[in-house]
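Paired with chain B in one complex and with chain C in the other, chain A is shared by the two complexes that follow.
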Partner chain A sequence: MEQVIANGLYLGAQYALIALGLTLIFALMNVLNFAHGQMYVLGGFITYTVYGQLGLPFVLALLASGVTLAVIGALMEKFLFRTVIRRSHREESTMLLAAATAFFFDAVILLIFGEKQRGVPKIVKGVFNDAGIIMPYDRLVVGALAIIFIAAFVLYMQYSRVGRAMRALAQDRVAAQLMGVRVDRYSMIGFAMGAMLAGVVGGLLVTITGVNSGIGGPISIKAFLMVMIGGAGVVGGAIAGGFILGMMESVGLTVLREYGDVTYLVIFAALMVFLSVRPNGLMGKPWG
Partner chain B sequence: MTFNRNIKIAAGVAFLAIVFIAVPAAISASGRFDLYYTLTSVALLSIASAGVWLTFYIGRINIGQGAYALTGGYVSAILVVNHGWSFWLTLPVAGLFCAAASVLIGLPILRLRGVYFAMVTLVLTEVARLLALALPITNGAKGIVSIPLPGALSVFGITLIPDFATLQNSRLAFYLLAATLMVVCFAVMYRLVNSRIGKLCQSLQQNEELASSIGVNIAYLRVIAYAVSSFFGGVSGAIFAAISQSIYPSSFTVTDSVNFMLNCFLGGLGYVFGPMLGTLVLYFGWDLLFQTGQFQLLIYSGLMIVLMLVLPNGLLSLAEMTRKKD
Partner chain C sequence: MINRRSTLKSMALGAVSALAIAAVGISSAQAENKELKIGFVGVTSGPAAAWGTSNVRSMQARAAWLNETGGVKIGNDTYNINIVTFDDQKDPKRAIAGMEKMAQEGIHYVVGPNVDDGAAAVRPVAEANGIIYFPYAFPKALYQKPASNAVLGMIANYQSGPAIYKYLKENKGVKKIAFVAANESDPLSQRDSGVEAAKALGLEIVAQNDTYQNDTRDFTPVLTPIVALKPDLLVLSGVAPANAPLLIRAARELGYEGLISTETAQDAKVLEEGAGEYANGFISVGGASTPEIASDQMKEFVTRYTKMFGEYNDESNTKVYALEYILDTLKADPAAINDVAEFKKTMDTFAAPNPFLKGDAKLSYVGATSFGQKRQLSVPMVVNEYKDGAFQTLFVGSVD
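Let's look at the complex of A and B:
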């Protein structure tokens, strides 16, 4: 049982970090970023190239993943989403754009990195084995890093000037603009940060699970799940959703093992029931 | 008014002539019989997309049509293979089964809005795939294969539709079937949108609370719209299973659901015939780009992004723009 909980916490930390990026973009722009999983994959491949292929330090590789994705995110916001939001009659039109960019990233990743499963050497060797819990050290390191990133993100959003501007923007775009917040600039920063988070998680997880070009879509779906559980556009909700999904997955895989591969089926069914009781997730805004 | 009406009737007749006379004639003249399959797919996919469009019409983003297409395909396949039903009987049954399922699912989830509904329906597609993998009746990942071709349909001894297996050109038969259904489907849609219910649906799209406050039964309307949408999905899935004579859990996946949605967007959300045009353009575009090999997806998605930047309100908004300039 301790093992199951430890696994759940480890998974939850990763998931929460993925969900944070998605929810940030949603909160600021009302855009459901379909390409989030693909951004994760891209981050993973960049770390694979820098750390696995070129042999540079892991920290540098992680930094490269984060920075590249932040730049991509900023460009996407400036040249794609901003234009479409301005010209379109209906807000949902950004979904076509988001889906198209997801396809585009898929194509780019496939062309540059190929379709093979890629892994990198372990960052820390050895296995932690005590008190009934078995956990490789690299998982502990990655889990701890993820938690540090989450904490840093929350503190940044809470106390920095940029974070405050973004929270104002998420609350009420027009009011924020009237108070002198430069909406365009902070939308761009927010999109860049969301993309950066996806890239960083990709870079972290490539050391454990490896990466291949096909996992972008499934990762996006998981991220949507977490955001739905916690409530879209809320930082706390994304973190809670991430940990809840991680825990459910970990427990489900153990408890439901004898019934075959039904863990996600059960999770989905539970989610449907949950959402019919609480349509906005645990702490979502009352509108969609 | 009568002038406008005449134009509409003329356009309708011209469209029917193209679909049922010009296209088969052109194909048999050019000998490109593979185009039948492509066009049949376009017709079927546009039926499913029309369903998605209808949910857009009540202000919901539906990325779950793949689930109903898959369900419809399985219902038809199981009834034909395991119970020996006639395909023609399973077609409405598949549609009705999906509509019934969508009422049950829709009652709770249609309370959700915006991205919540979008995400739940996306998850629904995954649920359908996982269910097809897990349930014993669907035969798991192996799927159901060698489904017989549709048999003859006769009423009171008069053969209305011949047995597809005895036809020398079953492709043409499937094309005519799919095209007929597409025409019927869009005729129904057009009628629905231009009726009282259509106006009520539009009021849902704009403001549900306001609509509710002036006495529109919003819960009833949105379930009806969703059920019709799923009916279309189920029917198109059932025919797909019959054409390919097989159905697998991976026959309709999240990508298909997303594509149904993209078809609607591309054609234009404000136009009934948007999904048809969107499907045609996207499907043919994808096919034409096949020659570019590994760059297919790159060019396809690149073009889609450009199109979105230039025409964010869909292809049919082009006509409106030129009209405004006049």
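Let's look at the complex of A and C:
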């Protein structure tokens, strides 16, 4: 049982970090970024290239993933989403745009990086094996880094000037504008941060699970699940959603293994019931 | 009077004329050969893209090679090979659309689809339009009468599995076996036939219901309870190349010390990158995959494929065969080029040298034992063991 809990906690940390960027973009712009998984994949491939192929330090690779995705996110916001939001009166236009960018990224990634699963050398070798728990050291490092990144993100959003501006934007876009918050600027920064988080977590996890061009869609779906559990647009909700999903997956795969692949069936059924009771997820409304 | 303007004009006209003459020359050279379209309907995007991509690239690399060396002589005509491709995205509905496209283009020979449901879905279209297709899918109904248009392109798991388990039982002392499969039709059916084969050999099955979603990224929770059962052999039924290194790594990191095998083709580079030394000893099935058996022509194919696409895929060791079989059978019976009934007739007696293997190996159609008719390509059943970035031959078997 100790192993099951440890697996759940590790998965939870990993999932929470994946969901953070998605929920940030949703909170700021009311955009469901279907390309979040593809951004994760791109981050993974950048780290694969810089660290795995060019042999440069892992930290540099992670930085390259984060910066590249931040730039891509900023450009997407400025030239795509901002334009569509301004010109369209229908909210689903941004969803269609996000879906289109997801397909576009899928095709580009397949073209550039090929169809194969890719992996990089382990960042830390060895396995922790004590007290009934087996956990490779690289997972411990990645889990710890995930928690540090989450904490840093929460603190940044809470106490920095940019973070406060973005929270104001998420609470009430018009009021924030009237108070002098530069909506366009902070929307772009928020989108860039969300994309950067996707890139960083992709780079981080390529050391554990590798990456391939086809996993963007499934990653996005899992991220949506977490956001729905925790409450769309709520940072704390995304974190809670990540840990809940990780634990449900770990426990389900052990307890229900004799019944075949019913774990996700149970998770989806539970989610349907849960959403019918709490349609806004665990933490309800966006920041405020 | 010659001025700068008229000089430039003359030069431009000269260049255009030269280009036109060159273009006419090229097109007349190409026009000497007829065109033979061969289709591909399979998955080249999404998580299973590796399966179809290795297929289509094998065909394209081989076709380019043949075209470069003058084309393929079939009967009295010489043909350039044109590979027409369709990505079915592993969706049976799209596979049907793909096969319909092939029919509209007048294509009679199609490689693919790559998975069970796609291969079953296209059967009515292929049969109604006179198309012979070469799936990489194992349901016996596709190859048994009354079906007659599908030809299995590789060794089925119910043919390789028993041979592998028997070898490991006799040579490695395997007594306890566990199965884990993705929750999809191909891996599940492969698991079921693997379980039957293991039972027939008297092996103790300690796990057979454990499954995972094909898009799983972290297999530690999936394998934790299986590793605790301490099987001697862990079978990754129908595992996708993208998932194999992740499963191997998770099992080894959890302390699993037994053997790991699969009946699907894998890629050494993917295993090396994803699992490193944890993949040593991993057993899989390949075609002309090891230096001990590959001919010089196979080695040249690998070189050309690598030059064309940047990187070779070891799955192509098996997938190089389908196009070769199609062309050699058409050479043996040129009337089959537009008449699949002729093709079917020729399959029963067809034999040609195998260009990809050393020695006097032959290309021939097999499957009489498994399907009651010759509806399978005779591809060498090379059981490999992965070791330090490359495959080594464990043993070579065959199917009749």
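As a convention for this text, the second predicted complex is superposed on the first by the 285 of 288 C-alpha atoms of A that agree within 3 Å, B and C clash if a C-alpha of one lies under 4 Å from a C-alpha of the other, contacts with A are read in each partner's own complex, and residues count from 1 in each chain.
Just so we're on the same page, contacts are C-beta pairs under 8 Å (C-beta built on N, C-alpha and C of every residue); 3 or more make two chains touch, one makes a residue touch a chain.
Quick caveat, the model's predicted, so the values are computed rather than measured.
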item: Contacts of A:Tyr264 with chain B and chain C, given as first, second, both or neither; value: both
item: Contacts of A:Asp106 with chain B and chain C, given as first, second, both or neither; value: both
item: Touched partner set for A:Leu96, first chain B, second chain C, both or neither; value: first
item: First (chain B), second (chain C), both or neither touched by A:Gln117; value: second
item: Which superposed partner A:Val235 touches (first chain B, second chain C, both, neither); value: neither
item: Touching partner for A:Asn212 - first (chain B), second (chain C), both, neither; value: second
item: Shared chain A contacts, counted only where both chain B and chain C touch the same residue; value: 106-107, 110, 217, 260-261, 264
item: Contact footprint of chain C on chain A as seen in their complex; value: 3-4, 7-8, 10-11, 14, 52, 106-107, 110, 114-122, 127, 129, 134, 136, 205, 208-210, 212-215, 217-219, 249-250, 253-254, 257-261, 264
item: Chain A partner contacts - residues on chain C that touch it in the complex; value: 44-50, 53-54, 183, 209-213, 215, 217-218, 220-222, 224-225, 241-243, 245-246, 253-255, 267, 269-270, 273-276, 310-311, 313
item: Of chain B, residues touching chain A in the complex; value: 56, 61, 105, 108-109, 111-120, 122-123, 126-127, 130-131, 133-134, 254-255, 258, 261-262, 265-266, 269-270, 294-298, 300-302, 304-305, 308-309, 312-313
item: Chain B partner contacts - residues on chain A that touch it in the complex; value: 26, 30, 32, 34, 80, 83-84, 87-90, 92-93, 95-97, 99-101, 103-104, 106-108, 110-111, 217, 221, 224-225, 227-228, 232, 260-262, 264-265, 268-269, 271-273, 275-276, 279-281, 284, 287-288
